[in-house]
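Order of writing sets the chain letters: A, B, C, D, E, F, G and H. Residues in each chain are counted from 1.
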Amino acid sequence: MNSARYLKRILDKLHSKKISVNSAFRELKNLPYENMGFVRLDHHRAFRKGFGEVVYCENKTHKHVKKITEALLKHKNPILLTRANKSLYDFLKKTFPALKYNEAGRIIYLKKGGLKNKKTVLILTAGTSDIPVAEEARTTLEVMGNKVKTIYDVGVAGIHRLLDKLPEISKANVIIVVAGMEGALGSVIGGLTDKPVIAVPTSVGYGSSFKGIAPLLTMMNSCSPGVAVVNIDNGFGAGYFASLINK
Amino acid sequence: MNSARYLKRILDKLHSKKISVNSAFRELKNLPYENMGFVRLDHHRAFRKGFGEVVYCENKTHKHVKKITEALLKHKNPILLTRANKSLYDFLKKTFPALKYNEAGRIIYLKKGGLKNKKTVLILTAGTSDIPVAEEARTTLEVMGNKVKTIYDVGVAGIHRLLDKLPEISKANVIIVVAGMEGALGSVIGGLTDKPVIAVPTSVGYGSSFKGIAPLLTMMNSCSPGVAVVNIDNGFGAGYFASLINK
Amino acid sequence: MNSARYLKRILDKLHSKKISVNSAFRELKNLPYENMGFVRLDHHRAFRKGFGEVVYCENKTHKHVKKITEALLKHKNPILLTRANKSLYDFLKKTFPALKYNEAGRIIYLKKGGLKNKKTVLILTAGTSDIPVAEEARTTLEVMGNKVKTIYDVGVAGIHRLLDKLPEISKANVIIVVAGMEGALGSVIGGLTDKPVIAVPTSVGYGSSFKGIAPLLTMMNSCSPGVAVVNIDNGFGAGYFASLINK
Amino acid sequence: MNSARYLKRILDKLHSKKISVNSAFRELKNLPYENMGFVRLDHHRAFRKGFGEVVYCENKTHKHVKKITEALLKHKNPILLTRANKSLYDFLKKTFPALKYNEAGRIIYLKKGGLKNKKTVLILTAGTSDIPVAEEARTTLEVMGNKVKTIYDVGVAGIHRLLDKLPEISKANVIIVVAGMEGALGSVIGGLTDKPVIAVPTSVGYGSSFKGIAPLLTMMNSCSPGVAVVNIDNGFGAGYFASLINK
Amino acid sequence: MNSARYLKRILDKLHSKKISVNSAFRELKNLPYENMGFVRLDHHRAFRKGFGEVVYCENKTHKHVKKITEALLKHKNPILLTRANKSLYDFLKKTFPALKYNEAGRIIYLKKGGLKNKKTVLILTAGTSDIPVAEEARTTLEVMGNKVKTIYDVGVAGIHRLLDKLPEISKANVIIVVAGMEGALGSVIGGLTDKPVIAVPTSVGYGSSFKGIAPLLTMMNSCSPGVAVVNIDNGFGAGYFASLINK
Amino acid sequence: MNSARYLKRILDKLHSKKISVNSAFRELKNLPYENMGFVRLDHHRAFRKGFGEVVYCENKTHKHVKKITEALLKHKNPILLTRANKSLYDFLKKTFPALKYNEAGRIIYLKKGGLKNKKTVLILTAGTSDIPVAEEARTTLEVMGNKVKTIYDVGVAGIHRLLDKLPEISKANVIIVVAGMEGALGSVIGGLTDKPVIAVPTSVGYGSSFKGIAPLLTMMNSCSPGVAVVNIDNGFGAGYFASLINK
Amino acid sequence: MNSARYLKRILDKLHSKKISVNSAFRELKNLPYENMGFVRLDHHRAFRKGFGEVVYCENKTHKHVKKITEALLKHKNPILLTRANKSLYDFLKKTFPALKYNEAGRIIYLKKGGLKNKKTVLILTAGTSDIPVAEEARTTLEVMGNKVKTIYDVGVAGIHRLLDKLPEISKANVIIVVAGMEGALGSVIGGLTDKPVIAVPTSVGYGSSFKGIAPLLTMMNSCSPGVAVVNIDNGFGAGYFASLINK
Amino acid sequence: MNSARYLKRILDKLHSKKISVNSAFRELKNLPYENMGFVRLDHHRAFRKGFGEVVYCENKTHKHVKKITEALLKHKNPILLTRANKSLYDFLKKTFPALKYNEAGRIIYLKKGGLKNKKTVLILTAGTSDIPVAEEARTTLEVMGNKVKTIYDVGVAGIHRLLDKLPEISKANVIIVVAGMEGALGSVIGGLTDKPVIAVPTSVGYGSSFKGIAPLLTMMNSCSPGVAVVNIDNGFGAGYFASLINK
C-alpha cells in the first residue's frame, strides 16, 4: 500500500473520531516492523517494495538466522537467505524442512506462488568462475516469480560462442551479464540488444583486475548505451533489479 | 529487425537462387552502415537497439556534426546531439531550423512522433547543481517518446522536502536519481519505492568527493535493493536505460 | 521546533475539528519550504537545525544568489554565502548594503543578534596558505554567535612556535586545526588538550599531497584520541560543527 | 593540570631556591610517565587530556597487557583495553577479578565513579553488523561517565524505522552514527538534528565498499552540515570524541 | 582456417544445393565448440588463434579439469593447464600418465610435435622470487614449439651481472622480462636491444609495491621504446604473446 | 652493431698495438653520443636499437628542437618529432623544407628509404576520438619502413561493423588496437586473431574512465591471450613496438 | 644552539636572580621568531636546523615576499626563495639588487660566505625535462655552502651514457637522482655506488605516470639498498637533505 | 675498488701482453659473482657498495638460505639475513653456531670487526608496535659497524615524552624515525634537529591507514625539510641508508 494513502486513512479515522489523537500518533510512528532485539524486521517492506526482507547471512549466527526465518515464515513471506553456507542450510533444514538450497549460488530459499510473469530474464556469464554470482541472481529471480534462462561461459575471447546465441538473446525481456577479468561482455551485449542490460562485475581475475575494480570500471564506461551496473559480485542485487523491470 | 532473421532471409534468397553467392557474401559483410570517412554511421542500430545513433559532440568540429546530422535526417531518424554547446546549436540551426536545444542539459534534439508510452519516468536531483545532468536525461527520454516528471533539489539534508513528494514518487514507473556530494539520495529513494531506481552520480562536490567517485561508491553500495548505477554525469545513459525499461 | 511536536499539534487541531482532513494532509505534506523554481529554500531548517539555510555560491549565477538572499532576508534570517568571489559581493552590495564580506575566506555574511556564547572557539593553521579555509570557519562561527580566537602559521616544523601558545590552547572550549601538506598539527594538538579537536585538511601542498588526501589520511589516523575530521578545505563545515558543540 | 601553570610552579620553586637548577631541569624534562621498557605509560595524560591512557591490545602479548593494567590500577585509573579478545579477558580476570568485558565491542573495562553527566549520547547503527563498533563506543562513553542510549538497525533502506525514532533523536545531546555499506545514515541524521553528529564508517559491506572507504567518503562529503568523521571501525575514537563534547 | 573463407565455403555449398538452408543456418550458428555443461570448450580456437584452449585451474575441481583434459586429448590438442598445484597433477597423472609438470611454474603440460621455430625467446628475471612466473612463461613457450633460454636473477641492483649477459641478449629474437619490486629491469633491457621486450610485473615485493602495481606502472612508463606489458604475474600471457611474435 | 663485438674490436686493436691504452679507454668510455649541453643525443642508439633517437617535443623550445633536428639530419637519420604542434612545424619547415607533418597525430617526420617490409600492420580504433593516437602510431610505423592499414570507428557497441572487417583483420601481421572509454575492443580482437595484438588505452571518455585508467585495466585483464599493453595515449610506443615485431 | 642548553642557561640566570620568574617565563615562551601578522618568521630555526627559514613563494603576493626578504636580510641570513617566477624576481631586484636568480630552477637566492665543504654532491637527471627540479636542488646546495656537480640526461634508455660517467659517480660524496617517467635511474645508480642516493621523482611523463606517482613508487621499491626518497618535484628538499648529509 | 680503475688495469695488462684478448674479454665479462643456479651471489658488491650481499629470506627455502650463507661465509663476509623466522634460525644455527638472532627484528646476523664509527645513529619509534621495524634497522646498523641508540614509544600523542628526549636527539648524527598510524613523528623530529632524518612508515594502524600508505604520504609531505623516506616497514633499508650517511 502506498504511504500517502496509508497516512490519509489514519487521518480519516481520526477525523471521524474512530481513533484518538494519541493512537493516531502512535500509529503514524509505529509503522509495521518487528523489533527482535538484534534486528528490526521490516514487514512493512512488502508494502513499500513489493517484496519482503531479504537476509544477508554473512556474519550472522545460525541461531539468529533461525529466529529471523521463523518470524518471516509466520508472516507467510517467501524466503531468501543470501551468502548462506551449506552448514547453515543443514542447520535450518531440521526445523524448516521446506527450505531449498542453491549450493553454487550459496542461497537458501522458499518460493510462494507460481510464475507471476511470462517474460524471460536471461543471465549470461563470461566464464565458468562467474557462475556462483549468476546462480545467486537466478534463484532471486525465480523466488520473485520470474522465468529465467541462463547461458554460461560465452566470454568475448571466443565471440562466435556468443553470436551463436543471438536468437536467445533477442528473445529475452531483461538481460543480466555477469563477468570478471576485464568485463567486456557487458559492452558487447549492450551493442546487440534493445533490452535493458544489467551488468554485474565479479571479483574473478588476478593481478590488476583488483578484485573486481577492472570489470566495474569497464561496465561503468560501456560505450554501448542501455547498460547499468550493480555492485561487485552482487548477484542478488542484479536479480532483484531485473525483477523490478520485468514486472 | 533481429540479426538471426536477417541472416536467414539472405540465405533463403540465396537458396532460391534469387541472389548469387557473391552478392550474399557482400550482403552479409555489408550490414547497413555508412562510412563517412571520419565516422561510420550505424543506421543499422535502429534495428538492433530500437533507436538510431546518438552523437557525442565533445571534440567533434562543427562541420563534422553538421555532416552527421545531415545523414541522420536523410534517414528520418530523430536527433540527439549530446554535450553540445550553444555555439554549435547556433551553427546547426542555420541549416536545420527544426532543431531544438535544451541549454541546461547541453543537448540538441529533434523529436519524431508523439508519446509512445503513458507511463511516467520521474527524475529527482539532490541539489540544484545536479540539474544539468538531469536535463540531459529528460530530453533523451522525451525524444525517445516517454512522459517525464522532474523534482529538483530534494537532497537528504532536508528530508521533509522529499517525504512531501512521496505521492509523486509512488506514481512513477521508473525513477532516475541524480546526486553528487555523497549521493545518499539513491539509497533513500531505493528504500521507499518498488520501482527500478537508476542512480547517476555527478561530479558536483568538492574535496574528497573526487569528481564523482564518492557518490558513485555510495550508489554502488546502496543498502536498498533495486538500485543500479550508470557513469558519472551520464544523464544520457540514465535516460536511455530508463526508456528501455519503460517500454 | 521539534518535528514530533509539530506533528502532534496538527493532529490535535484535526481531532478538535479546527482543521479538515484535507488541510491536515496538506499541512503534513507541505512542511515550510519555498519552491523558487531553481531551488527549494528550506526555511524549516532553522527549526530543525537551529540555523537557516547556508548558500554555496560556486556555480550559481549572480541573479540566483540575489533572489535567494532576498527570500532569506524576508524571513529575517542571518546570511552566510560561502565560496563567494569579490564580484558577487559587489553585485549584491548594491541591493543589500548591509552585507559584509570576508575576502580571505570568500564568504558574504550578515549577523543577526550578538554573542550567544561566552566560550571561545580557537582556530589554528599550520601555514599561511591555510588561512583562507580558517577564515571561512571564523566567519561561520561569528555569524552563528560564537567568540573566536585565531593563531595562524604554527605548524609542527617549528614546534616551539606552537608550545608558546599552550596557554591560549588550554583556554579554548573547542579547537579547529586547519592544515595541508602532511597535516601533522591535528595529532600534536590532539595530544595537548582535553577539548574536542576538529581537523580540516586543506588542498595546500604539492606532489604526493594529492590535493588534500595526504592530510586527510593523517587526520583520520591521528594517534591522539579526541580528533574528528571534516572534508578537505571545508572551513564552513568545521565552523558549523564547532558551533554545534560550543552551544 | 595545565602545562603552562605546571611550568610556572616549577619556576617559582626555583626562584625561591626551594629546588636547585639541576632538579628543576630534571623536573621539566621528566614529566610524569613510566618507562616500562616495552612501553612508556603516560600517567600525565590524565592531566592533559582529562582521561588516562587507553590500551590498544591488538599485537600485544597477554603478559604485556597484564603489566600495563597493573601499572594503571596502581594509579587508580579507570581501565579501557580495546580490541581485546575473550582469551585475553579470561587471562586478566584471574588477577584482576573486578574487570568487566563487553564481548560484542571486544573491550575490557573498569569504571571509576558514577555518571558525571546527565546529558545523553545517542548511538545509531545502520545495520546489525555495525553493532560491534557501536558497542566499543558505548563502553568507552560509559567508562568516561556518560549516559548512553542506543538504537540499532535503522538504516535508510527502511527509512520509516528511523522516522519512528525522531523523538529519541531530538532528545540526545550528541549523536554517533555507525554505518557501513554506503554510509548514507550520517547525512540523513545530520539533516534531522541540531546536535553534533559523529559519523563512524565501518568496514561492513562487500565489493566496492572497499573495507570502509565507500562510507568514509560518503560521510566526509555529507551534504548536511554538522557531521564530522572518525576513522573506519573506530568506535573508541567516536566515543572518546563524543565524551569530550558532552562534558 | 580464416573465418571469412569458412563462411564462403558454406555459402558455396548452399548455392550448389549440396546443403539445405536449414543446415547452412545451423552450420553458421554452431561453430565448433563443445558444451560440457559447466564449460564450453572452444575447439574452434585452434583455427582462429593457432593454438587450442588453455585451462586456468584455479577454482576448478579436480574432476572438472579431468573431464576437460579428456576432451582436449580426444582432439589431439597439446595440453596447457595453468595455476595447477601438485595434488591436481598427481590426480591427473593416474589417468593420463603422459602429462608432465613444471612445479616451479605450477603448470601441467603435454607437447605435440617438436620445435616449430629456430629463433630463441629469452626470459630474464630480476630476482629469484620472480622465477615461478618465468617458468610459467617458459613451459608455455616450449609447448607452443619455441626454443627458450633463461637468465635468472640479473636485476639492476647489480648491473654488471646484466652487462655480462649482453651477448646472449643480443642473440634473442624476443625477450621477456619478469620483475617485481620496482621493475626497472624492463627499461634497462629495452634500452639495450632492438628486439621486442615483453615486460611482466610480479607481485613480489613489499610495502608500497602494492602487489605488483609499482612494477606495472614502471613498465607502462618505460622511457625505452619497444616495451609492452602484460598483467601482473601473467607468465602464461607473456609466453603466449612471445610465441605469436616468434612465429 | 652489437655492443660485445664493438668491445672486442677495440680490444683487438689494442692488443695489436694499433691504439694506445689511453685511447682504448677513451673509446670505451665515449660511446658515440653527442653532448649538446641541454641534451645528450644518442647517435649510438641506431646501432643498439635499429632506429635513431626520437624526440618528444612537449616542453621543449622551438630553438632546442631545431638544434636537435639539425644534428639528427647531419647523421642522415630519419626524423620523428612527437607531440609537435602546428606552430613548431611551421617554424622548422622554414629551415628544413623536406619535413612532413601529420597534424591529427601531431608528429613531424622525414622518411629515409622505402618500404623495408611487405607485411602489414593494421591499426583499429574503437571511436573517432581515438584517431589522433592511431595516427601517431601510423606515422611512426611508416617512417620505420612498414606498410600500414587503418580501420577507424569499429568499437564493440556496433559489433557488426567489426565483423564486416574480419577479412582485413585476418590478413594483418601485427594489430594495434586503440580504444578509450571501456577499451573492450582489445579483448574482442584478441579473441578473433592469431597475430599479436598491441593495445593502446586512450584518455578518451568521461567520468569513471579516469583519463585512461579504465581501458588500461580492461586491456591488462583481457580474457583473450595474445594481447600486450602500452602506456595511455602512447601511439608512438605502439607503433615502435609493432615495427620491432614486424621486422 | 641546542635547545636543552638554551633552556639550562635561562634556568641558571633565574637561579642566580639575574632575571625574574616572569621574564624567565616569557623567555621560555617567546623563543625567537617574528610575528609579521601574515606569517611567523622562524629566526630560531637557524639555531635548531643550522639554516634559516626558506620561503615557498607559490600563492604569496609580491609584497609579502618582499617584507619577508627584508626581515631575513636584517638578520644577515642567506636567502632562498623557491618556486619564484621571473616577475617576482624583477620586482624584488629593484629593492634588493644583490639577489640572484636561477631561472630554470625558479629560485631566487643570496649566498652568505664561501664553500663550507670540499666534498661534492652530484646531481643526475634521467631526461632534459627533469632539469628544473635538479636546478632547484643545485642552488639550494650551493647557497648552503656545498660543491655541486651535475650530469643531465643520462636515463637508463641509453645506459652507455651513464656507464661513461662512472668515474664522476664514484667521486661524489652524496648523489641526487632526479627522474620522471618510470624513475628507474634511482635503482641503477643505487646499485653502482656506496654513497647515499637521494631520489626525487618528477611529474614529467604522461598517461599512467600519474604526475609522479609511478617514479615515486619505483624509487620507494628500489631493489638497491642505499636509496631514500623525497616528495615529487621537491628539488629543494633533496638539496637540503643532501646538504645535511654532506656536512 | 672503483670500476673505472678496475677496467683500466685490465687494459694495461692487455696492452703489455700480460693477458690475451680473449682472457681480457672474459675478465671484463665475468665480474666476480657466483652463479649458484637458483641465485647469482654478488661478491663484487662489497667493492661497489662497501658491504656484501644481504639476503631477504621470505619465500626462500631453508636449504637455499643455508647454501647462500655458506658461500657468504667462505668469502669472510658479515651476514645479514632479513625477514627470517625463528625456525630458519634454529635450522641454520646447527651448521653455523656463530650466527646471532634478533627475534623482534626477525634478522639473523654475524658481525665482522668492531665499531667503525663513533658517531651515533638514533632510532625513534612512535609506538610499541613499530619496534620490530626499528629492531631490523638497529641490527643492520650494528652489523655495519655503527653505534646505535634507541628511544621507543615517543609518538606525538604525548609530545612531552618526546621533548624530554631533546638532549639525546641533539647528540645523534643521523636519526631514523619509525612510525605507523598517521606518521606525524617524522615532521616533528624534522623540525627539531639539524641532522638528516630518515622516515620509515610502518603498516601499523587500522582503517584508513591502508597498511602504511597514510604514514608514507605524511612523511613524503613533511613540512619540515631534512626528511627523506624509505619503503613501508623497510627497517633494513633505513639502517643501510643511515650507515652510508654515518660513514
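Rule of thumb we're sticking to: contacts are C-beta pairs under 8 Å (C-beta built on N, C-alpha and C of every residue); 3 or more make two chains touch, one makes a residue touch a chain.
The model shown is predicted, which means the values in this text are computed figures rather than measured ones.
Asks: In terms of contact pairs by residue number, which of C-D, B-C or E-F shares over half with A-E?
Replies: Answer for the repeat of A-E: B-C.
Asks: If you tally the C-beta contacts for C-D and for B-C, which one comes out higher?
Replies: Answer to which pair has more contacts is C-D.
Asks: Taking each chain's centre as the mean of its CA atoms, how far is chain A from chain D in angstrom?
Replies: A distance of 38 Å separates the two centres.
Asks: Round to the nearest whole Å and give the separation of the Cα centres of chain B and chain G.
Replies: Whole-Å distance between the two chain centres: 54.
Asks: Taking each chain's centre as its mean C-alpha position, how far apart are chain B and chain E in Å?
Replies: So the centroids are 41 Å from each other.
Asks: Can you pull out the residues of chain B that are in contact with at least two other chains?
Replies: Correct list: 3, 48, 157-158, 167, 191-192, 207-209, 213, 216, 220-221, 225, 231-232.
Asks: Where on chain F is chain G touching in the complex?
Replies: Contact set of chain F toward chain G: 3, 29-31, 33, 38-40, 42, 44-45, 48, 58-60, 201, 203, 212-213, 216, 231-234.
Asks: Residue numbers of chain B touching chain D in their complex, please.
Replies: 126-127, 155-159, 181-184, 187-188, 190-192, 205, 207-210, 213-215, 217-225
Asks: Can you tell me which positions in chain B touch chain A when the two form their complex?
Replies: Interface residues on the chain B side: 2-4, 48-51, 54, 166-167, 170, 191-196, 198, 216, 220-221, 225-232, 236-237, 240-241, 244-245.
Asks: Please output the residues of chain H touching chain D within their complex, sorted ascending.
Replies: 128-129, 131, 152-154, 157-158, 160-161, 163-164, 167, 204, 206-209
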